[in-house]
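Below: one structure, written as structure tokens.
The first chain written gets the first letter, and so on, giving A, B and C; residue counts start at 1 in each chain.
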Amino acid sequence: MALTTIGSSSDTAIQGRVAEALEGDTDVKGRLFEAALIACLLVSLAVLALLVGKVLGDGLPVFADRGADFLDGSLSSQPDRAGISQAIIGSFWIATSVVVIALPLGVGAAIYLEEYAPRNRLTAFIEINTRNLAGVPSIVYGLLGLAIFVEYFDGFSGNQGVNRRTLAAAGLTLAALVLPVIIITTQEAIRAVPQALREGAYGVGATRWEVIRSQVLPYAAPGILTGALLSIARAVGEAAPLIVLGAVTGLLGGGTGLSASSLLDPSSLTERFTALPITVATWAKRPEQEFNVDDAAAAIVAMLVFVLLVNSIAIVLRNRFERKRSA
Amino acid sequence: MTEPVAPATTAASPRSTTATAPAPVPRTAAAGLSTGAPDPSQLPVVFEVRDLSVYYGSFRAVRDVDLDVRQHEITAFIGPSGCGKTTMLRCFNRMNDLIPGAHPEGTLNYHGVALYGPKVDPVEVRRRIGMVFQKPNPFPKSIYDNVAYGPRLLGTKKRADVDAVIEESLTKAALWDEVKDRLKESAMGLSGGQQQRLCIARAVATKPEVLLMDEPCSALDPIATARIEDLMQEIKTEFTIVIVTHNMQQAARVSDATAFYSTDVNPESDRRTGVLVEFDRTETIFSNPSDERTENYITGRFG
Amino acid sequence: MATTLTPFSPSDLTGDPRRQRRERAMGVVFFLAASMSVLVSALILVSLFSNGWDFISQVEWSRVVGVNSWNPRQNTYGITTILAGSLIVTGVAMVVAVPLGLGGAVYLSEYAPPRARSLLKPILEVLAGVPSVVLGFFALQWIAPNIVGTLFGDDKGNSGSMLAAGIGVGILSIPLVASVSEDAMRAVPDALRQASAGMGARKLTTTTRVVLPAAVSGLVAAFILAVSRAIGETMVVFIAAGAVSTATFTTNPLDSGLTMTAAMASLASGTDQVRGASLAFPSLYFVGIALFFFTLVLNIIGNAFVRRVRQAY
């Protein structure tokens, strides 16, 4: 809107014209674009809501009907008697393997790469190797577990044949799967430690390990913990390697229900096993609707409670400490 | 950030006197001293540096350093930015070991022993030669744990022993009265000047012989700076101090000997190499320097 | 405190041997930990090739190449069939994930006020944590009847299809596309946006003409990494793509199909899972080799693009 001659009759007329000119045209295209972008996020939100809604809608009635029995029960060919106690035990030991095996190894490897390793080709090779491992499809880790842990090491049991497909082999396989992720997230957490902190400690005459133990690790601990929690959740949700490792899908004998003693009994490690995601996958493929809708959804609910809870704690933890550190 | 006003009980030397020698120092160092002030050439040499160059990989960062650091004196390194003062300082406690590829060539002796000798443990070196950094870097722990860190590494375990070291060190750093009632509070809650004095306390807790100070006051306000300069004069009787400073007046106020560094541009590579231009008693450097470059720097013609 | 009255000897600087021993031991411990990851790689290669070799050396290659179906029980190992399956599912997944992920990332990076960002970003993070079996269930039980069925008729919606599975994999991939793209856009210096705005350009123009082109390395990286992840995805297809253990060659997403990963899963879970004269077991490792190298190459290229983003700014 162009300004006309300055000699207009009144000031307000000029002001009006200037205001109009500065307002410009309504940015229709821009508004539509922004709306489309928000829509993308809202679609994701809608999908998430739908998904949770469907799972809860199909699964909660099972809990309402026979909640304790469902948690306590064993795998069965009959959908109204099938339960996830053995799956919970399997997933418990898989989570434990991650904590006991992958976490120390991963943190140790990250400490080496960040604090000890010289900047040479060997170090670069180890780092590239780790990055590539993080992108290997999970089912390939199953192949590793089958060939090495099951076949070569007999599943760390004295068994023969298919009885070598033990929970121990599964635990080790999933620990190997999340190891690269733990290494990478721990490396990032260590890198965030300010160099001034290390120098203060070295300056007083601390050895490298003493500096790491007393300054670096405490400072990096929240970040390391976040990575560990995300890895545990990931390991519990993975099914593909377990299929290759021979997780039981039909019937698993010896189910004694869910209790502290059955959960913590380490002899499960040398026996055949099942786990929550495998149970979900198997039931989802069964022809009976009570299996492929109701029971599968209920098992998903049980699994999601754990996975989403752990993930949320990790995210909250990370956000709190990010804010605290940058404050 | 202003410093809290020092309570009357802390011993603070009056700002107006020069706290070094009780009598006026003659113009030339070589002339005999007229009063009972210690003759500098009689003081034992703590660090003997001859013909030293420091390399980062193949890049020579500093060259031609020749100087002696004498016991119970304050030696200042001055000069414009980038001329290797900090690099040189960090050689004295082997902190340069932390940078891959950093290594000195030449002679660097500590009480006659080669500091970079094959059997020398850098960790032991740093126990005896402490360091205070440019930006105060207390650990994110309590005041108590900050000072106790060094002694605990060395094996002091009993509560009473640690307490004694804490009190002694904080007193030497002129911080005890201000924090004695809140030792368990986080060190991060202290002001900048207090944090730096805490870092000094932390450094002296391992009972070192030498204190290296890398521009310790550059991040502090003038009042905090004054307190630390006073502190240096007080503890000089117990330690040997080497200080890097950008502040010429500070060096003139505080130090006994001064080394002036400058840079040389390498015509082929266009990279700068630091070089020691002149090393002498402070009075000489500031009133009667031998080298023209020194004269230009202290009169403000460049730098 | 060392004084100079007593002579000072080199041994005064040798330090505490106990602390030195502990220091050396810890260094060794950490090195061994780091070498574990190299060990894992080595073990993957060993297990793939020692078992896959049987297949490679014994199979009749006419039963592999060419447009055969995939039917291990009948000694037919048409790898193009399962490869086509992987590509179709991945293609559908990218059609879903790229617009939604990129759109979300553009909003979060360029438009969202901080409060909206802190509310909306967690949605993507929660979605990233959903295990793939859950998406498989959702794909079969909801996407197939309500989307595929609605669009293409009930008969297609009542069973699995590569389309349903593809949409499921796409949903799984949205967070990855979004986070890599967002990182790439946030790495673009503000100075560029300000220069554009200073010339009077509107936000739409600045975003599409300045920011996105500047972030293109990262966007390419996001795409490649998402493709690699989608190709490696197993459970969604295993549950929702309709095929059990065999598939015929097809390029129609509405058909049921097998991807490389689902073929491996069904091979591994088949009841004839005993090593025997049949090549079914080694074929598992053969497909594994193919999958491993396919995704490895994609990841290397994708990571190279990510590094370019980091270096450019």
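In this section, contacts are C-beta pairs under 8 Å (C-beta built on N, C-alpha and C of every residue); 3 or more make two chains touch, one makes a residue touch a chain.
Not measured: the values here are computed from a predicted model.
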Highest-count interface - the chain pair sharing the most C-beta contacts: A-C
Remotest chain, chain B as reference, centres from CA atoms: C
Chain centroid nearest the full-protein CA centroid: A
Whole-Å gap separating chain A and chain B, where each centre is the average of the chain's CA atoms: 50
Intercentroid distance (Cα basis), chain C paired with chain B, Å: 54
Separation of mean Cα positions, chain C and chain A [Å, integer]: 14
Where chain B touches two or more other chains, by residue: 123-125, 153
Residues of chain C engaged with two or more neighbouring chains: 19-20
Per-residue overlap in chain A, given as positions that touch at least 2 other chains: 207, 210
Touch list for chain B against partner chain A, complex: 93, 95, 98, 100, 123-127, 130-131, 133, 135, 137-140, 149-150, 153-154, 199, 202-203, 205-206
Footprint of chain C on chain A - complex, ascending: 27, 29-30, 33-34, 36-41, 43-45, 47-48, 50-51, 54-55, 58, 104-109, 111-113, 115-117, 125-126, 129-133, 135-144, 146-148, 161-162, 176, 179-180, 183, 207-210, 230, 233-234, 236-240, 243-244, 246, 249, 277, 280-281, 284-285, 292-293, 296-297, 300, 303-304, 307-308, 311-312, 315
For the chain A and chain B complex, residues of the former touching the latter: 118-119, 194, 196-207, 210, 214-215, 219
Sites on chain C touched by chain B in the complex: 1-2, 4, 8-16, 19-20
Touching residues on chain B, where the partner in the complex is chain C: 44, 46, 71, 110-115, 117, 119-121, 123-125, 128, 153, 207-209, 238
